[in-house]
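One chain, chain A, links the two complexes that follow: it is found with chain B in the first and with chain C in the second.
The block that comes next holds the complex of A and B.
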């Protein structure tokens, strides 16, 4: 059954990078604000709807309009992030952790409500851009170009975030705040501004993921819940807001999911939850969890 | 009247009388809805025991209500000779047993978001197992669950007739509410509260923290399983969606909307939620939007929820403290 391992490996990579795209913004916000943002899935879904609507308006099936629509979706959800930061996240600092979780869940409900009101309950389906509809066959492995594109996008986002956090002044400021916000404030860093920037970036990443992954999904209000559990798993397994940890966890959980579905075809996805529980019990701080961001 | 027991008994009696009068006042659709609200209230009351009394935020309660619902459905379909009250007891046991199994693992990490995510993951596990096992009817679930017949030595009552099953739902709901209230007020409930306020100090005082938390989880699991079992013959279908994590968030909604920390809070929340859903049933999305906004308002501005805030206003309005507020197990806001 595992003779097909190159295909399983490719599937694992595709699953992992798609999940990492969704989890990147979640990890960022979790690492810095220590808020596990339930509404992330809802923002992801709104990004998918916006990108879908934009590509349908533009009418072309080209790669450029697909990318442009995804970027515009990221911009739109980034603006949403700005509003949410002002209206909600700012006020959560003094609220108990359990209530913070519930507040972000309330935001998810609001996202669902907006999606249902604007786009209705119908299920839409979007095709990938025409240039990505082809496949490459290498040996026994069939590689759809759209899957390759998603893998490339996941890698790019990962490298971009690594660069931002480790090679730029803003990134070092973010890391300082993640490690010790009180000391960072003493050193004259505008902590509030960096928090706002993080929320905006996190929401924009969710919207970008929505736009990039909209093809091959059935686009409905249920989309919010589909990726969010996987993304939660990645954030937890990766270790509390570590981008590098989330990247590794995406690959690891992708392998678990892909090979698990091959080993236990009657219970697809079950090993993902088993692995999640095991990691939480054995290593609750996650793979790379040490309180550091990068 | 100032003693908590009569105040609770009076409230419960008034609620039961109101619920039993409903079939004479409104049409059958609304009576069906009221039955669901009563079941939701049990879900919320048992979550409130877990959250406001024991301080555990579970995002996986759907696993236990699904366990109870499937247990009742299987017994009614496969072993109709089992008395229905025994089937209800078995469903409560199924919920408690699953809670113990999950709790033994999940309660090792109760801090921060771990417990929420672990319980969420385990309930999704239950969801997959239900959707993929032929005994449980896979994705289709189990359909055609009959409303049972209650048999005693002298005669029997067919609950399929009229509103009889609704009456049974209300009576079992009231008994469960009374049991949960008793637990909240008991020595055990005080131990739960001590752990919620300061687990380390409770441990120093000789309270076996993990064991007590497991007991709280099991009691809530039993009541949640019972609620699931009550729903199965009412809707006559059980499906894997009962264990979807969206279902787990409902008791959280009811509790926080109504007022965490106030015993009857979740019941108020269940009624308000049903009213919002009913009022906006023709406008897709409006109920999500309104519930989300209400919940946000509760967390950001009105931490006591609807009932908690009402009680506080009532207390402020009077010179003397309001006697009805006495059963509140914790100050409004729930968490320390």
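The block that comes next holds the complex of A and C.
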């Protein structure tokens, strides 16, 4: 049953990196602002719609227009993030966590409403760019180039965030703010500005993920719920707010999902939830949940 | 340099400071003494807009600052070293010092870690150590050093001697007094430790239940021994 383990491993990596792409912005915003953004899936969906529309307009079907559309989708959701930070997140700074939940859930509904208003209820389907529709076969493993592309994109986003947070002066400042914003203000740091930047980056990452992952998905307002459950799973398992933890959890839960579906083909995905429940029971703070950002 | 009051401050519904008036002149060292809960920390935090809700004028170098956010007040040259030190554990001592560069006013170069170590020689061997691996005395030294990085005009120290061994307290007082004179730095220090405060200041205020109950120089304080029993003795 597990004889095709190399394929399962490849699938695990694909699942993991796609999920990490969605989870990155979610865990980043939680790690720095301590706001759990329920609207993240909605922003992801808007990014997918924007990228899909741009790709259709450009009509070339090439890799460059696919990438460009995804980056423009990231830019668009980043601007949405700027507006949301001003209109919503700043007001949440001084209130109880329950309001944060309600407010970001309301934002999710707004995202859904916007998608229905602009793009209607039709289901669209997007194809990957032509150059990624080929496959490479290595031994028994069939590797679609689009899956390889998603794996590369997930790795790039992870390495980029690791570099930003651990190798730059700005990253050390961001980590200082995440650990103790009160002291950071006394040290002259404009904490509000960094919070705004974080929200913009987190939203842009959601939009980028939407653009990169829209291919092979049926695009409808329901897309908001598809990856986000998995993304919340890896954020929880990785340790809320930890980028490195989310990355490791993406790989781990990717393995669980891939091998689980092979072992229990009648119940695909069930082991993901079993693993999630087990981690919450045994290590509720998550793999790397020591309050560290990266 | 600093003119405060009458200032009232609140935490939620509780009224912590009542009409406090206080001033610090250029180059002057001033102590604010009082028991636990008298309102010392609340006053320092109110000066930076970092905690209590405060009402009343606060002027720094003749300019009203009560409407400014905390980081803007810090950039004017107000540096608060909090009671609990708050050294960042995820980076080294040198990087803790470097983080304070953000409080420099435009055009002012921050003190480098080496310059801070020159002011506090005890810091020199600690620069590459992780912020989480410091003793209480070392933490305090790093916190004060970090407070001096942006070349502040007024240093606010919140109970620097608290929890330190007596020998370390003497060292710290001597170092602070020396740096103050060498740098013509204004100092406002809250304390319960009278000897520490005396070693690094020129005059003092006594605060009790959020009200200033005495203001004068150390000779005036010594002339009234009942002050210590009434407002400081436990």
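Here are a few things to note about the model shown:
Everything that follows uses one rule, which is that the second predicted complex is superposed on the first by the 294 of 294 C-alpha atoms of A that agree within 3 Å, B and C clash if a C-alpha of one lies under 4 Å from a C-alpha of the other, contacts with A are read in each partner's own complex, and residues count from 1 in each chain.
Methods note: a contact is a pair of C-beta atoms (placed from the backbone, for glycine too) under 8 Å apart; a residue touches a chain by one contact, two chains touch by 3 or more.
Nothing here was measured: the structure is a model prediction, and the numbers come from that model.
In the overlay built on the shared chain, the residue A:281 is in contact with chain B alone; chain C does not reach it.
Contacts of A:97 after superposition on the shared chain: chain B is touched, whereas chain C is not. Set against each other, chain B and chain C touch different numbers of residues in chain A, with B touching more. With both structures placed on the common chain, the touch criterion links A:189 to chain C but leaves chain B unconnected.
By the document's definition of touching, of the two partners only chain B reaches A:107; chain C does not. In the superposition on chain A, contact is made by A:225 with chain B only, not with chain C. Once the two complexes are overlaid on the shared chain, A:69 sits clear of chain B and of chain C alike.
In the superposed model, A:175 makes contact with chain C only, not with chain B. The intersection of chain A residues touching chain B with those touching chain C, taken from the two complexes, is empty.
Those residues of chain A whose C-beta lies close enough to touch chain C in the complex are 169, 172-173, 175-176, 179-180, 182-192, 292.
Taken together, the chain C residues at the contact with chain A in this complex read 48, 50-51, 69-71, 74-75, 79-80, 82, 86, 88-91, 95, 98-104, 146, 150.
For chain B in complex with chain A, the residues that touch the partner chain are 51, 57, 105, 108-109, 112-114, 116-118, 120-122, 124-125, 128-129, 132, 244-246, 249, 252, 256, 283-293, 295-296, 299-300, 303, 335-336. Those residues of chain A lying in contact with chain B across their complex are 36, 88, 91-92, 95-103, 105-110, 112-117, 120-121, 221, 225, 229, 232-233, 236, 266-270, 273-274, 276-277, 280-281, 284.
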